[in-house]
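As written, the chain order gives the labels A, B and C, with residue 1 at the start of each chain.
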């Protein structure tokens, strides 16, 4: 089976190389048959990588430990869902996933656009297959997922329990979809610049590609934040870690692009800016892919020196060099058709938005790479922490939300100043009322958070006003009932109202971020059963008693769980019961670990107990004190080691089971004080709700307009009929 | 070496080569008149964009962002741009039709001289059914 | 003011703002950052009161817990030099002996005190070249 995988990967590499050559030849010699052949190569690549991926998945699902990656990332006791997902928890498997997704998205997009942008296609195909060549080459010549072990062991090392969470398993495919999708507008931008055609057709297509990539990347980032908050033992959702930043960078520049491309569409302006922006976003996506596996920056995710560093640096260097060369050499085709008419126009607002977003991207980039920059400049490696990032991103975020509130009120081209002023009345009132209402709640001590609440309220006011006025205008034209009017309004103005929904979602999200950062109460305490901890705002948490249990699956003992039962009260009234726990996973495939000790010295993961709500989340995690238990375990290990050869297996197993059971039960009866991390965090749910609204808005924008698609097809067919008739 | 795997890989290789060589075997050698198609596509897309803008400007007026005077001015400008685009589209179509007609007349004239004057009056040969293979 | 001049003014203003922001960014980053050091570098010379970002591995058997405070030693990735750290704050699930950690510390006397919630423990088995023998 491994041979099949290796063969398919090699074929993928070969066909990618062929496709690059065929595409380039077809483009330069203006030969449509070669271009079609290159496009077919992309389809074939998708088929081959799907085959290779299936081979890898099957190996994991069948626990075929002759595969080196299966042995080191899975085990017979890993649940089936996680066995399937373990395929991409390894370096090699994740590269295959990346290649597979790239080929899949490329095939779909190239098929859908096969009749359009015929002059750009050859070069776009060559670029996409160039990426495929790189990744396939890595797998063929450097790190293959299909490496085998000389002797297939009986058991595998197992999947890191930290990764045993649905979010964590969907997060990589979503992120990789986001990264690979940015390759497509990058490729089409390169093609458009090569043939000097950065006009209407290219703009329309690229905008949709970029929106799709933005959508998936955004989901990937959100899932990562959600996983961090709900699963990890620190109760935060964003740490400005280099790897988090790496995924945020292309998202920021991509958001800027989605706005500024509309200015180019309407006024033929910002052509150089847009070309540079989309090329930079594609490069940042590859940079992000590289950072996670490079080890060049100290991060919670990046590890070890990887052999892949140099190839990636070369690829990124080529992309930067190529992009700069293209933009500079095509600057005549990128000349602006018009200039900015007035600062009081939506074009100017979009320009402002771009400046803020690119500013943010620069801050994040600088902070992330600062250790390398400072080392290069001063010889000492310096690193920056969250407070530095917050100092700059918070004011920039305020500016961004403000712009999203001002923008919708300003018309395209040139707004009427009198009308604009009048249109701000209600939103300003909303903002002011919010400010006044919040002041008595002691919010004034956090001026930045207060500013965000006020500005976000203003933005929400603007968007609501837009919806209300839009419905009113529609009803004036057609007399429809309000709900129907709303639906048709959105349906007929997808871009605008989809965009407004996204802005609404972002405002809600920022409110949640501001509230949960500025007004969080965190307590790290040691408690005995019966003790209570006050949390502020009337909340109190009482440690009722310790809990413990053994989780057994078909394959045996999955983990030992030790925890606590807590009662949450507010102002004396009982609200809920929280049961935070810690799961201890046994060490797999390690015969030298003690018979009982292997259950206690493996990985442990926190199982958070949380009461989420619109108003606030109460979050709890426990670290039980197992020291007394461990002393007994040590004695047990010695006993069982001596008894290993002397008892029949069945008796040995039974005795082992009884011993473990006894230890687990005794924790319940007599537990030393445990350490608790308790957090009361206001409005965290708003972050997730805001995120959902953003994605809903993106879907509205992405939804194709039926009539436009049909009309476009009719036009091209009509033209083709005319041509064919002339030729026959 | 796993024989089954080797056979499957060879099968995959042949399938891929077949898929990829298809267009080459069919031999569609004509150079694409890309310039015309590209212009057509751009004009069409730009026209659609203008229509969208005209509708949006009206929305802007109805939702109170523009005064009537400003709206009328912008609307007039946008409609003029749309008309210009339509004119260019028509010109493109007319130029293309002209080109094809001239090409067909030239081809017919060639046939007439090759077949001798007597055949010049004969009806043109039955046209082959237009074979438009699906683009894949 | 004619439109061309207006545009030039706008451009100058925008560029100046950008330069100012970039300048502020660069300046503060050098003063706000903490130097990343390995244990041996830290032991070689650390000024009292300055923050350093210590990166290394947790020494086997060195973890002690007193209430909510942890005491442990951090050694060089490949070496023996070890730094004792006193830390109170959030501790990741993955924290244990042998793991790679990053913690911001300040020298206080002979001990290095970790900044609250600054302990980052690296996920152990993702994308490493060598196979870990334990897990």
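FYI, contacts are C-beta pairs under 8 Å (C-beta built on N, C-alpha and C of every residue); 3 or more make two chains touch, one makes a residue touch a chain.
Everything quoted here is computed from the prediction, not taken from an experiment.
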| item | value |
| --- | --- |
| Chain whose average C-alpha position is farthest from subunit A's own | B |
| Interface with more contacting C-beta pairs, comparing A-B to A-C | A-B |
| For subunit B paired with subunit C, centre-to-centre distance based on mean C-alpha positions, whole Å | 59 |
| Subunit A-subunit B separation of Cα centroids, rounded to whole Å | 39 |
| Length of the line joining the C-alpha centres of subunit A and subunit C, rounded to whole Å | 24 |
| Interface hub residues of subunit C, defined as touching at least two other chains | none |
| Multi-partner residues of subunit A (at least 2 other chains) | none |
| Subunit B partner contacts - residues on subunit A that touch it in the complex | 1-4, 7-8, 11, 15, 18-19, 22, 30-34, 36-37, 40-41, 43-44, 47-48, 51, 114-119, 197, 199-201, 203-204, 265-266, 409-416, 418-420, 422-423, 466, 469-470, 472-473, 476-477, 492-493, 496, 708, 711-712, 715-716, 719-720, 722-728 |
| Residue ranges of subunit A touching subunit C (in the complex, touch as defined) | 72-73, 89-91, 157-158, 160, 162, 232-235, 239, 241, 292-293, 298-307, 339-340, 343, 355, 359, 362-363, 366-367, 370-371, 374, 380-385, 387-388, 391-392, 524-526, 582, 587-588, 590, 593, 602-606, 623, 625, 627, 675, 677 |
| Subunit B residues touching subunit A - in the complex, by the definition given at the top | 1-2, 4-6, 8-9, 12-13, 15-16, 19-24, 26-34, 37-38, 40-46, 48-49, 53, 55-57, 59-60, 62-67, 70, 74, 93, 96-97, 99-101, 103-104, 127-128, 130, 132, 135-136 |
| Residue ranges of subunit C in contact with subunit A within the complex | 3, 7, 10, 14, 18, 21-22, 25-26, 28-30, 32-37, 53, 55, 65, 67-68, 88-94, 100, 102, 104, 117-118, 120-131, 133-135 |
